[in-house]
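Written out below as structure tokens is the structure these notes cover.
The first chain written gets the first letter, and so on, giving A, B, C and D; residue counts start at 1 in each chain.
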Amino acid sequence: MESEISGADLSVSIGGLRLKNPVMTASGTFGYAKEFEPYVNLHRLGAVVVKGISLEPRAGNPPPRIVETSCGMLNAIGLENVGVDRFISEKMESLQAVTVPVVVNILGDTVNEYREIAERLVDVEGVAAIEVNISCPNVKKGGVAFGTVPEMAAAVTAAVKKVSSVPVIVKLSPNVTDVTNIARAVEDGGADAVSLINTLIGMAVDLRSRRPALANVIGGLSGPAIKPVALRMVYQVAQTVSIPVIGIGGIETAEDVLEFMLAGATAVQIGTANFVNPRASEEAVEGLARYVTEQKLISIREMIGALVLS
Amino acid sequence: MESEISGADLSVSIGGLRLKNPVMTASGTFGYAKEFEPYVNLHRLGAVVVKGISLEPRAGNPPPRIVETSCGMLNAIGLENVGVDRFISEKMESLQAVTVPVVVNILGDTVNEYREIAERLVDVEGVAAIEVNISCPNVKKGGVAFGTVPEMAAAVTAAVKKVSSVPVIVKLSPNVTDVTNIARAVEDGGADAVSLINTLIGMAVDLRSRRPALANVIGGLSGPAIKPVALRMVYQVAQTVSIPVIGIGGIETAEDVLEFMLAGATAVQIGTANFVNPRASEEAVEGLARYVTEQKLISIREMIGALVLS
Amino acid sequence: MSQFQEKTQIIRFEQLSSDIVRLTLDSPDIASRAKPGQFVMVKAGEGRDPLLRRPFSISQTSNERHFQILFKVVGSGTSILAHYRVGEYLSVLGPLGNGYQVDCDDDNCLVGGGMGIAPLLFLGKWLVRVCPQNPPLVVIGARTAAELSPLVKDFEELGLRVHTATDDGSLGHHGFVIDVLKTINLGSSSRMHVCGPYPMMAAMHLFCKERGLSCQVSMETHMACGMGACLGCIVPSRKGVYAHACSDGPVFDAKELVWKVK
Amino acid sequence: MSQFQEKTQIIRFEQLSSDIVRLTLDSPDIASRAKPGQFVMVKAGEGRDPLLRRPFSISQTSNERHFQILFKVVGSGTSILAHYRVGEYLSVLGPLGNGYQVDCDDDNCLVGGGMGIAPLLFLGKWLVRVCPQNPPLVVIGARTAAELSPLVKDFEELGLRVHTATDDGSLGHHGFVIDVLKTINLGSSSRMHVCGPYPMMAAMHLFCKERGLSCQVSMETHMACGMGACLGCIVPSRKGVYAHACSDGPVFDAKELVWKVK
């Protein structure tokens, strides 16, 4: 198997970052990678994105934090994380041992917080790129999410970009009327790439207790259920911006990856599927290699945006 | 069974329209009702909403128009319908024979078109209410959907309301950043009730042909997959407006209906589930009656907005 | 109206080839009312994935209480259906659609390809009973003998002569059914009852048009409801822009449709 | 690290009562490495509904190649699992979590309620083997005799004496396991290994705290991944705000947790 597929050219480039294949893991769904070492040959992945990091440690939301829905799940983890300083001192070492690019996902309450985190990550060995999660509420603007207002999204992007020495990927929220507006704004703000989608805002009710199923009442919907929305937004954004687009949302298999690439994605991230099948990411890489070989493609890059419209 | 549950008070009121129970069928998923006569005792339903009617007949989109997705489906019917005049002359008669309230769903390209359709429906016997689908593109405003801009949504509402003699329900699009803004605007525009959600915009790709799975490329996502998004929006809107809210999205069973009512819905509509189980609406009514009896409720209305927050 | 939503019990399970299965279901309501060319909508599994019912032609009825569906495993729904066992129940909606129009004075000719043969078995049985003086001509094709042989046997048991074609030549003519038809002397009152892949039906339409023969085709489309409610199942038509395969069809006079020739 | 994702074959299926099932799975990797208190994540069905794996305690191992899970049908996942048959395969992830801490010098005491008894069977077997001089005390309860009896038998086969309680009084004490414990003279070096519904574990925590006894509890939470990646499975903890049931637990020293008393 390995030898049969080794010839396939799966490499792609994301804003100057070369990935040996387009399969990344999505933030918050792959821990700090080492959790998956028993199951996955991490070196075979395109890149690993770690859980969102804030300036200060966050405890996250009270339980219950997750609930299953039809072909999906809601989470209200509440961005539990150790904070950027402990991330650097405690988590980076094991991440450095992984010889794939590590993308650090960051989040904040204010533009300054985003910038500050990005500053502390400068020159930290092993950080290949920064992914900016702009789905968080802007506490200075009454809690409106950064990712829902073009100006705010652009401002966060520009602030992070200014201090960063690595490519900056901006992760878009799908909870907007027109995602292309936001994509254009972050491109103008200097983003090297966009990734999308983050979770759709959803809710579940437990009829027996007549309470919300999540302590936080609302949460983020992910998994196969959201794939059609994700594909549509990736398609729209890929036609709008000229920076690379990273597709996210309900991706489980190599077939899913290829569908997102046809719609315009240069790379993808696998999220919820890691919980169901910890080997999903590696199996997707294997499937891509088989596809490139079987279809006699010169490179997987031929698939990017190659959707046939009649 | 019938006798055991006949005592349960399931009635609710939607802007002056009294329904004997909260279970309606969603536009575009129940034909003109007579298609379901072999399976359903139509008289037992709260109301029936018919397929969207435009001023002129529309042929709709080319095939393929539907594709299944995980726990959901995409449709791009393209609003195929016979137009308001033929609707009145050809379809109303059999609808009149159904002794449940008939809600006519209307759509247009311009504010004037909406008004014109509403005018033609004035005094048509058997029309119990009008549901205004504002998810359509406004051709005079570059194709931006009416339902995504508060002012446009309010204008359509006011125009229809002005000429109508029956309650006007405005059906909200979920493809917006803040659905409460739109809900507030249509309430101010005079809506007697809001219904939500219409479908989420989505897309599917057929890897084998490398083409979009729908001829129209994008379509509307419905079914259990979207239920968490629908519940969240119903909950948000019910806390925002004081007119009744009709919940729609992924509802299949009495349990689903009760969850939407807890979140604040006064009534609900069952859509895609009718395709899978044509008896879904009647079975939901039966389930509600059992619930009211078992839980010893005085009325199903006790459930509206009764979500317990800790 | 005579349509039913029923839990039907599986009373026979036949694996006709590696990927072709035939189920016999117990449903007096559906079996006693079904006409050849009609179909049923079947729910595969109890869950929400796959969500929608799947359409299958009624491929035979017997004793006024059993009917069969014959299908090939092509995706998630059919693969779940292929794992059911005798004694289990399937939720079925039907009989749906219009069915083939039959006249005993015509020279009826059944032309089927692949799984399109399914409804023709029912039609063949029906014609043998209703028009015993004028048994139909049968011309059927498939990819290989493995797929075709069990179906040939069924027609032969009805006492019908069967002409065959296979893509690989493993049974009958090596090629298309239409090639076989061209070698047969067809009377001008011949009526073709066709079901198969789109290109085959398009070719049959042209074939019949040239010869002035009557041609009925059964159209496959994506269906969500099967009963005229979703408007998903359209086919381009000469009467109006689109016809609905589930309620106006699935059987159409080929002349009424707009054919896309590749 | 020694965790595995495997397709394991079902080699035995036991219906212990109307809604309780025990599956014996063939997995040398998991069976040979599992410790009492650890769990596995099982995928019910092939489809996407239900989507996530379900956590189940490892309730026994044997021959270094078989292990068992014991579960009650409470929803869609368990109901699908209850329809599997011998010979079929289940995708399993494990062994996961930390397991019970055992010391042969302690007076080990197994306290279980309902399906919480599952991991205690494994622990009992382990203790009988590892600490043959000091067999554990077993106090278990359930709703009715029908649920409890098959499990009592399993402990008795290990040569252990079993104290029982049922909600309806159909077997043993009519009431809670904790009532039974109160009638037993427990030494100060007793170590409680508890698994059961939250209120029972909260009560056991108080019981042990008052008496200065060591108390280990196995916590049930909603889990998406079972391996420390999703951060969904938290329990309020005195060390830091939250602990993660799948990776820090599921077994905790009751003193380390924050208990919510109703």
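By our rule, contacts are C-beta pairs under 8 Å (C-beta built on N, C-alpha and C of every residue); 3 or more make two chains touch, one makes a residue touch a chain.
Remember, predicted model here, so these are calculated numbers, not experimental data.
Participant: Any chains in contact with both subunit A and subunit C?
Facilitator: Chains that touch both subunit A and subunit C, as defined above, are B, D.
Participant: My parser should flag the chain pair with the most contacts; which pair should that be?
Facilitator: A-B
Participant: So what's the Cα centroid distance for subunit B and subunit D, whole Å?
Facilitator: Roughly 47 Å, centre to centre.
Participant: Could you put a whole-Å number on the gap between the CA centroids of subunit A and subunit B?
Facilitator: Result: the chain centres lie 34 Å from each other.
Participant: Need the CA-centroid distance for the pair subunit C / subunit D, whole Å please.
Facilitator: 54
Participant: What parts of subunit D, by residue number, touch at least two of the other chains?
Facilitator: 48-50
Participant: So which bits of subunit B are touching at least two other chains?
Facilitator: Counting only residues that touch two or more other chains, subunit B contributes 70-72, 223-224.
Participant: Which of line, ring, star, complete and other names the graph you get from chains that touch?
Facilitator: complete
Participant: Please give the residue numbers of subunit C that touch subunit A in the complex, ascending.
Facilitator: Counting only subunit C, the residues touching subunit A are 48-49.
Participant: Considering the complex alone, what residue numbers of subunit D touch subunit A?
Facilitator: It comes out as residues 1-5, 43, 48-53, 91, 93, 221-225, 227-236, 240-242, 247.
Participant: Looking at the complex, which residues from subunit C come into contact with subunit D?
Facilitator: 45, 47-50, 76
Participant: Where on subunit B is subunit C touching in the complex?
Facilitator: Answer in residue numbers: 28-31, 35-39, 51, 59-60, 62-68, 70-73, 75, 77, 80, 223-224, 272, 274-279.
Participant: Give the list of subunit A residues in touch with subunit C in this complex.
Facilitator: My answer: residues 70-71, 224.
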